[in-house]
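Next up: the structures, one after another.
Each of the next two complexes has subunit A plus one more chain, namely subunit B in the first and subunit C in the second.
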Partner chain A sequence: MASQADYKDRQFLAVIGDEDSVTGLLLAGIGHVTSPPDNQKNFLVVDNKTENSAIEAAFERFTTERKDIGIVLINQHIADRIRYRIDTYTQAFPTVLEIPSKDHPYDPEKDSVLRRVRRLFGE
Partner chain B sequence: MSTEKIDSLLQQYLLLLNEYTTLRNNLNTLQSSFYHHLARANFSAQPGVRYYGQDYYDERMQATSRLETTISEDNSTPEFKLVKPSAAKVNPTEKPENTEKKQNSQEEGGDVKSISEDASSSDQTQSEASAPSPDSKKDQDGDEAKPKPTEKKKSNDPLRWFGILTPLPLRQAQADAKRAVEDVIPRLATISEQMKALELEVRRERKKRAKAEKEEAKLKIKELEEKVAAVEV
Partner chain C sequence: MSGAADREAVFPTRQSLGIMKAKLKGAETGHSLLKRKSEALTKRFREITRRIDEAKRKMGRVMQIASLSLAEVTYAVGGNIGYQIQESAKSARFRIRAKQENVSGVLLPAFESYQTEGNNDFAMTGLGKGGQQVQRCRETYARAVEALVELASLQTAFVILDEVIKVVNRRVNAIEHVIIPRTENTIKYINSELDELDREEFYRLKKVAGKKQRDTAEQDAEMKARKEAQAAAAAVGENQAPDTAADDAPADLLAAEEDEDVIF
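Then we have the complex of A and B:
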């Protein structure tokens, strides 16, 4: 299904989330900024002012353009803002995982994995 | 035949789903504990610290833990694991530096002592005789040796972005985040991929079964038609 070249260099996690979620994941040591002149970050801090197009662009960058990312973590309430993009995402790499945030607890109804489960059982 | 296969696939699928929901619960508790600790850290923030957030991120940060992906042979799904390559890489590079310095200090100290000794044997005696002297030196001015490793840690540990004396809640928050990232998230991603692969397989088997059923029905209709024709004759 996935060739060796697809996953060999995917050694980073990427995050799209609110400030607290990103702070937590960076504290855990997954934050990475590529060497200059690129200076590409593997995270995006989203607040109320961030536009959906910026979120979508970051999602596109992490999933399609960059070949060094293995897992993309995204806050569930932010994933809701680009839900159509998340639901139609079918690539083998990277894996997209929705995580809860401080103000928006995890909702199994919206989780894309559990939605797939319901679809499989014909609901 | 195919129904049995589908059943066994679904059984595997449900086991994975069970693990997925358990891990989700773990992640939720870890995350809520993290947010709680971070809120406490912000509440009791040191003077001068506005908010433990993006203002303090290091713009040249390097990941201290990285993903290691392997493809399982049975269903060709990826398995994610978080490893810490930096710890393994930093130590070997640090050690030679230290030993080189030791050797230098040994040579310097040895030169003074072994002026009258032979050149060939002096090297050996230097290392033997002067071995205790750097140790005693170390005790006296241990400050020289100690800052090196702490500097390394400073640059690696993201906690240092927020200052040298970070509050306890922030360290607790970091511990929660580390557990979530190291233990739960890679496993969740692995299971999600395994479930995806199983879904594909179940769908494929269902299609096969539907096709087989159609063909069976067609055969039955044919048989019935032949029987009807025989009766009519």
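Then we have the complex of A and C:
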């Protein structure tokens, strides 16, 4: 509720995902690099070699530090790697959205929001 | 004992009874209003949850189609274009805007996607070959992102509504189970204290009236005795005629005294 005032200038999406997902979403035109000297990208490509701490840092940066991001898209299999961070993330802004990736089909059971939905309806 | 029950610390006066009654009325009105608000929000909440469920499933399908078209691009271009695209991304063409929607006093933000005109970071992508596939892929992904944005706004609404409903329900329960019983207890306490005071007052009045009655009875008895004494004296005086003049004066004096007593 407290963050209702500052969502006006949130106009970008951010992506944390594998190469294919990021490429596709960038093709759609969501990629943005802030003006120098920061040169902050709003996307992170994760592969098998990427450390969990790097994913966490990016997640942290997109959700708390940057004030211009409204939606954070994250591949579900990557979200699984930092599941505890995502489950404890309860802010409304920016929204964290788990998306499926090419190699990992979407599993509604793992989604933290859908899990809350199920819990609320006692299923 | 009304002192043992949970009540507010007030003096049992008629004024605070009035205040408490007004408070109880206010609490009841507030309770019914909040209850209705909570119901309206819950209705909305259930609707959103259902839509989220649908949208999540739809997203799965849309993303599948989008990945397929990306695979087509990779095939047509004949190599991985990921690196090139990541490097050439400069300014977002696809942006979102947040607008508000009011549901029973709760502001729910909704994202709206729009595309800025003019800047195209990927003008050169697929220039050699596969340009058509790249174009198609971009459109597919743009549609997918639109679906994602819609889902994101549903999810935001879900998170905010969840929070608000919790707060409202907490308030409803607090009023129902704490404030109303406590105010009722206070009213009961004030009423019992006021009744007690009334009884005390009544008893006191009765005591005073009893004392007055007793005093009057004593006076009456005294007066009667005196009158009898006077009558006896007069009878004696008639028998002893020479004393009349001497007796008359004290009789007058007594009468005067009596008069004074009666007035008093």
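A few comments on the model shown:
Everything that follows uses one rule, which is that the second predicted complex is superposed on the first by the 117 of 123 C-alpha atoms of A that agree within 3 Å, B and C clash if a C-alpha of one lies under 4 Å from a C-alpha of the other, contacts with A are read in each partner's own complex, and residues count from 1 in each chain.
Everything that follows uses one rule, which is that a residue touches a chain if its C-beta (ideal position, glycine included) is under 8 Å from a C-beta of that chain, and two chains touch if they have at least 3 such contacts.
Since the structure is predicted, the reported quantities are computational estimates derived from the model, not experimental observations.
Aligning the two structures on subunit A places subunit B and subunit C in a clash. Once chain A of one complex is fitted onto chain A of the other, the partner contacts of A:V113 extend to both subunit B and subunit C. In the superposed model, A:E19 lies in contact with both subunit B and subunit C. In the superposition on chain A, A:L73 makes contact with both subunit B and subunit C. The superposed model places subunit B right into subunit C at 135-143; the other stretches listed in 135-143, 189-197 or 243-251 stay free of clashes.
In the superposition on chain A, the residues of subunit A contacted by subunit B and by subunit C overlap at 1, 4, 7-8, 10-13, 19-20, 22-33, 42, 45, 70-71, 73, 92-93, 95, 97, 99-100, 102, 105-106, 108, 111, 113, 116-117, 120.
Subunit C makes touch with subunit A in their complex at residues 49, 52-53, 56-57, 59-60, 63-64, 66-67, 70-71, 80-82, 85-86, 89-98, 107, 109, 111, 115, 121-122, 125, 134, 137-138, 141-142, 144-145, 148-149, 151-153, 155-156, 158-160, 162-164. Chain contact summary for the complex, subunit A toward subunit B: residues 1-2, 4, 7-8, 10-13, 19-20, 22-33, 39, 42, 45, 70-71, 73, 92-93, 95, 97, 99-100, 102, 105-106, 108, 111, 113, 116-117, 120. Residues 13, 17, 20, 24, 27-28, 31-32, 34-35, 38-39, 52-54, 57-69, 71, 76-78, 80, 84, 156-159, 170, 173-174, 176-178, 180-182, 185-186, 188-189, 192-193, 195-197, 199, 202-203 of subunit B are the ones touching subunit A in the complex. Note for the complex: subunit A touches subunit C at residues 1, 4, 7-8, 10-13, 19-33, 41-43, 45, 70-71, 73, 90-93, 95, 97, 99-102, 105-106, 108, 111, 113-114, 116-117, 120-121.
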